[in-house]
Amino acid sequence: MTTPIQRLNRRALIKAGAATVAASVIPTRWAIAQTKPLKVGLMLPYSGTFAQLGENITHGVEMVLAEKGGKLGGREVQFVKLDDESKPELGPQNAERLVKRDGVDVLIGTVHSGVQMGIHKVVKESGTLTLVPNAGNAAVTRDLCAKNVFRTSFTNWQPAYAMGLALGKKGVKKASWITWDYAAGTESAEGFKQGLEAGGGQFVSLLTLKFPETNFQPLLAQIQGLGVDAIGAFFSGGGAVQFVKDYAAAGIKVPLCGSGFLTEGTLGGQGAAADGIETALHYGDGLDTPKNNAFRAAFKAKANREADVFAVQGYDAAQLLAAGLEAVKGNIEDEKTLHAAMEKAKIDSPRGAITMSPQHNVVQDIYLRKVTNGQNKIVSTIAAQLADPGTGCKI
Amino acid sequence: MTLSSFLAQILNSLQYGLLLFLISSGLTLIFGVLGVINLAHGSLYMIGAYTAFVVARAVGSLWIALPVAMLGGILLGSLLERFLFRYFYKREHLDQVLLTFALILLFEEGRSLLVGNDFYSVPIPAALDFSIPIVEGFSYAAYRFVVIVCCLVLAAALFVWIERTKMGAIIRAAAERPEMVDALGIDPRRVHLTVFAVGTALALTAGALNAPLSSVYPNMGDNLLIISFVVVVIGGLGSVSGAFWSALLIGLIDTMGKAYAPKASGLAIYVLMAIVLLWRPNGLFGQRGT
Amino acid sequence: MIEVPLRTTRLLPHTLLGRIGLVVLAAAITVLPWLVPSYYAELVTSAMIAAMLALSMQLLVGATGLVSLGHGAFYGLAAYVVYLISPENVALPIWITLPVAMLVAGAAACVVGLFSLRTTGFFFLMVTLAFGQMIFFVFHDTKLGGGTDGAYLTKPLISAFGATLDLPRKQKYLGTYYVALVQLVAMYLGLAMLLQTLFGRALEGIRVNEHRMRAIGFDTFKIKLIAFTLAGALAGAAGHMWALHRGFVNPEIVGWHQSAEALLMILLGGLGSLHGPILGALALTGLGEVAQLLTERKLLVEGLVILAVVILLPRGLAGLGSRNTSNGAGDRHG
Amino acid sequence: MGDPAATTPANALVLCTEGLSKSFGGLQATRDVSLSLHRNELHAVIGPNGAGKSTLVNLLAGEFTPSAGRILLEGRDITSLNVWQRTRAGVARSFQRTNIFLPLTVHENVRLAAQARTGTLASLLSRAANSRTLFEITDLAIERVGLTQSRLRPSGELSHGEQRQLEIAMTLATDPKVLLLDEPLAGMGQEEGERISALLKSLARDHAVLLIEHDMDFVFKVADVMTVLVEGAVLASGTPQSVRESAAVQAAYLGGHA
């Protein structure tokens, strides 16, 4: 155990598990705990559709630790990785593995919002400090918010709101939103409607498709008849690739825009069909700041591929954790100071400056991007320091 | 709802229904003749799509990928039947269910090991990469017409095979009375092998044919598997023509549901199935009880 | 008239040793939480919940010969019922939530049974699967139960006869543990008694030869419907327990993979015994825990294990020690 | 079992069919069959292969729904009753292919059949081991077919003939008024045949018995009444003597046999 970053192999992990069993049987004093390495659980998808996202987030987290010389708040860090398989029904069980069996001090996770609900249930009860590096379901920082849970990614509402706002300001009078009929879809629709109306436009209708079906034809055939000036969409991954291709092939005259995930990490598959699509997100290509350039170079050196928004979100989760731990000098038991420090932290993110809202969701600039030459080129900042409404949160 | 968009929806229904037919015709034959429930049939569709992706990426042409998927299906089906399923005909349903459930896991893991977990799109052949305007403001990708034509050709070939050949006659008899195969003086193992290979090849071909339209991604066959069950139940066990009409019916109801009543569309086909079961427990075209 | 000794039903342990084994197992589970950290006690709680689901399914699979892929839906439905009837931030007592959950799950099973039991064999399998998915889509695609992400619920209070078990926060898991244990034992003993009745014999007859049962005058549809409804209600008890344990519902707990997992537990434990599913659930939970530590390819391991069990161990773990072959799979069509 | 009720005459009409017909697709398997079964009478149905004998049994037992015609049991129309309802009403059948519960013992097989008539759910929930009347019914049926010695043996271990006897015992345990016996002698040796023949005669004393049988010598020996089916229709019916002498039967079926 000499390297600062403990990329545990399987055998070490079992030992660690056994140690935890012993540790929880024999009560330990805080003084001993202080000198122990800080255990950080990474509950992320390492298999299945979202595996790449999980890996990029992990790289982001590890980069921060490397920058800080292998210590956070003066304590060594030991990672415990757990593949959540993006299976919601296993969410609570997997979270308990980390929190109760392995006794992690901090939990970073996850990507899938259904799994996030399971993690959230467990850590709300245990009080374990938790950082959300992707899942954008609003509930976690709205009516279900918790004092020990922080999110450094986005809510589904945020980019969609900004997209609506951008359309409204551009003078688009009528627009519709098209998405899967699931939590993230309806939350994005709500954001788009509010943004559009704030910008002076009129929201016409919401078209939905059962998640995660990709037979878009029945919806596409209706669009011309809606009489709208623009169509906004929220899809991600394989669904996004196919939607954009089908939209182009259907020869629809209405311009397509959307929440940034419509063209995020999918441009290779979409090809020319994505050219010119405008989307809104908290990150993009061509963000020429020293921080971003350094981050991208370091990521490429580490992972041997280009950084993406997920890597940024993981990186910022670790930055926020570092800020909190430095304030309490590694004493994670001092929750009050820790949480207060994290709430007040100003993080220098590759995406620009970010802070935490009172509900512990990230407050950030949302950019308008346009697909040019296979890249999501940033055009402008639509909404500066945009916060989620955070309705219903009582901390 | 305008008349023109309604016509476009009819076209969508047809294309979706024909795809369902390719998948469920194999299922219904394998159920009907071999008495095996194959939960991994959806995974076979997935394998077909990934085959198309891998071959098209390697040689740059979907036209080579399609026959490869078809022949690969025959080969895979023969191997599965010869070395695995053959030993399960006389076993309990439960064993068959779990065997094929295990195959789903293994196929998906194999896919993950060989190709990874990313989604990939499969390019439409350049010669067909254009759209044909069919109604105001809505065009139809030329490749979709190709899929429709290919499905119809395959369906016609399947019908000729089932209705006009000796093997087809045996298969029809066996689907109605499974014990018949033994009585007809043909090695039943040959019949079983053929049916399983053809069923598998149909699933792989469907996957390969549809890959440019659906892209390829993990677990892509799951949803289609369940819908194919509904098609088989409504069409009647072992009936290829039943599967044909019932696939078109489901395609129509599902497409119209998505277009005009999206909230109800998920349930519509199951409600239809319940009605059919009450009215005709053996399906609309079913020959026998089970 | 000559006395005829009646054999106990096929599904119960035939030897004294077998019975003692079960009692020892129950005793071991009873003392376990005092010996291991809370995490492992909670792991056993989830294994017991899985065992309840598998046990309820054994009434269909092992006792009656009905293989259903929609059984998990009644389990998930019951968990959702707890969510739907619990007002926000008010914990209802378990003596209200448990009967309501079981009643709704049983009623749903009765309706599904009315349709699906008209069919047999593969049709039955596919139809139960489709009905199960129908229930899944109700929770997945509508706002009724919180949609795709699921929802939190207030865990029911463990209370009966006016007394409420109010444990300190750190020991709440013990309450859940013993409630699960009591229900599992009660379910086992109840089913054991049921299988000794004439009704149990009728189920056995249906499993072996339903056609003949009709010919000797049994209304087999009614008997199967009763068994299907009862199994649904018992799955409801397991689902209620999931809600009590997790305080969280998600559409995936309604999906057909739940049924497949329960079938796997039955197969692993053995078709020919009532305690098989319990052993299977414990074994599978243990296997999942070990596989998670050893490999990232957990599904690969699971797939290979199922394959191996189906091919090599057709009578499950419970069949390893016994040589009672007259109940084997081969003679079901006799 | 089934003491003849004092009020009904010893040879009362138990079951009759009126114009019973059944067709499958285009094929007419049963045409306009009218026959009657009386208590204390062994009624044999004979006919060449494919004459529709099994279809007739299946129609009477409720496996098939007739295309036309009625079936009356003691004057009550039972045409619309299904299989188990007919068994409960008193029409019981044995199967051509032995159809018993192989994993169970002889006693258990028969008890299962006796159990069906207890009917109500409440009685089904009593412990199987406790039901004394059930035991009596079961033992009587076993004794009647002469399997008392073997009653604790697993039925899978019985000889073929014994399995046929068990088949009949199960039928008896349902307390039938009418016995439909589909080739009870199939596959039996000479000695076993003798035993069954005696059993059938004894059964006919307190039941109406319909017998389907191939073995002509046997049929002419035991039957009180015979019906000859050809292509689904009744060619002749009457005492064995009258059937043997019927010109139509001789021409169409018996040929040189008579």
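Each chain carries a letter (A, B, C and D) given by its place in the written order, and its residues are counted from 1.
Basically, contacts are C-beta pairs under 8 Å (C-beta built on N, C-alpha and C of every residue); 3 or more make two chains touch, one makes a residue touch a chain.
All of these numbers come straight from a predicted model, not from anything done at the bench.
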item	value
Reaching chain D from chain C through chains that touch each other, fewest steps	1
Chain whose Cα centroid lies at the greatest distance from that of chain D	A
Distance between chain centroids, defined by C-alpha means - chain B, chain D (Å)	48
Rounded Å distance between chain A and chain B, as computed from the means of their C-alpha atoms	37
Averaged-CA centre spacing for the pair chain C and chain B, given as whole angstrom	33
Centroid distance [mean C-alpha coordinates] between chain D and chain A, Å	75
Junction residues of chain D - those touching two or more other chains	none
Sequence positions of chain C contacting 2 or more other chains	137, 140-141, 297, 299
Per-residue overlap in chain B, given as positions that touch at least 2 other chains	263, 266
Complete list of chain pairs which touch one another	A-B, A-C, B-C, C-D
Touching residues on chain C, where the partner in the complex is chain D	1-2, 4-7, 10, 193-194, 196-202, 204-205, 208-209, 211-220, 226, 326-327, 331, 334
Chain B residues touching chain A - in the complex, by the definition given at the top	1-2, 5, 8-9, 12, 15-16, 112, 116-121, 123, 131, 133, 135-141, 213-219, 223, 255-256, 258-259, 262-263, 265-266
Chain C contact footprint on chain A (complex, rising order)	10, 13-14, 17, 21, 24-25, 46-47, 82-83, 85, 87-89, 91-93, 96-97, 100-101, 113-114, 116-118, 121, 137, 139, 144, 181-183, 186, 210-211
Residues of chain C that touch chain A when the two form their complex	36-40, 42, 46, 137, 140-141, 147-152, 246-248, 250-253, 255, 257-258, 292-299
Complex contacts: residues of chain B adjacent to chain C	31, 35, 37, 87, 90-95, 97-99, 101-106, 108-109, 113, 226, 229-230, 232-233, 237, 263, 266-267, 270, 273-274, 277-278, 281-282, 289-290
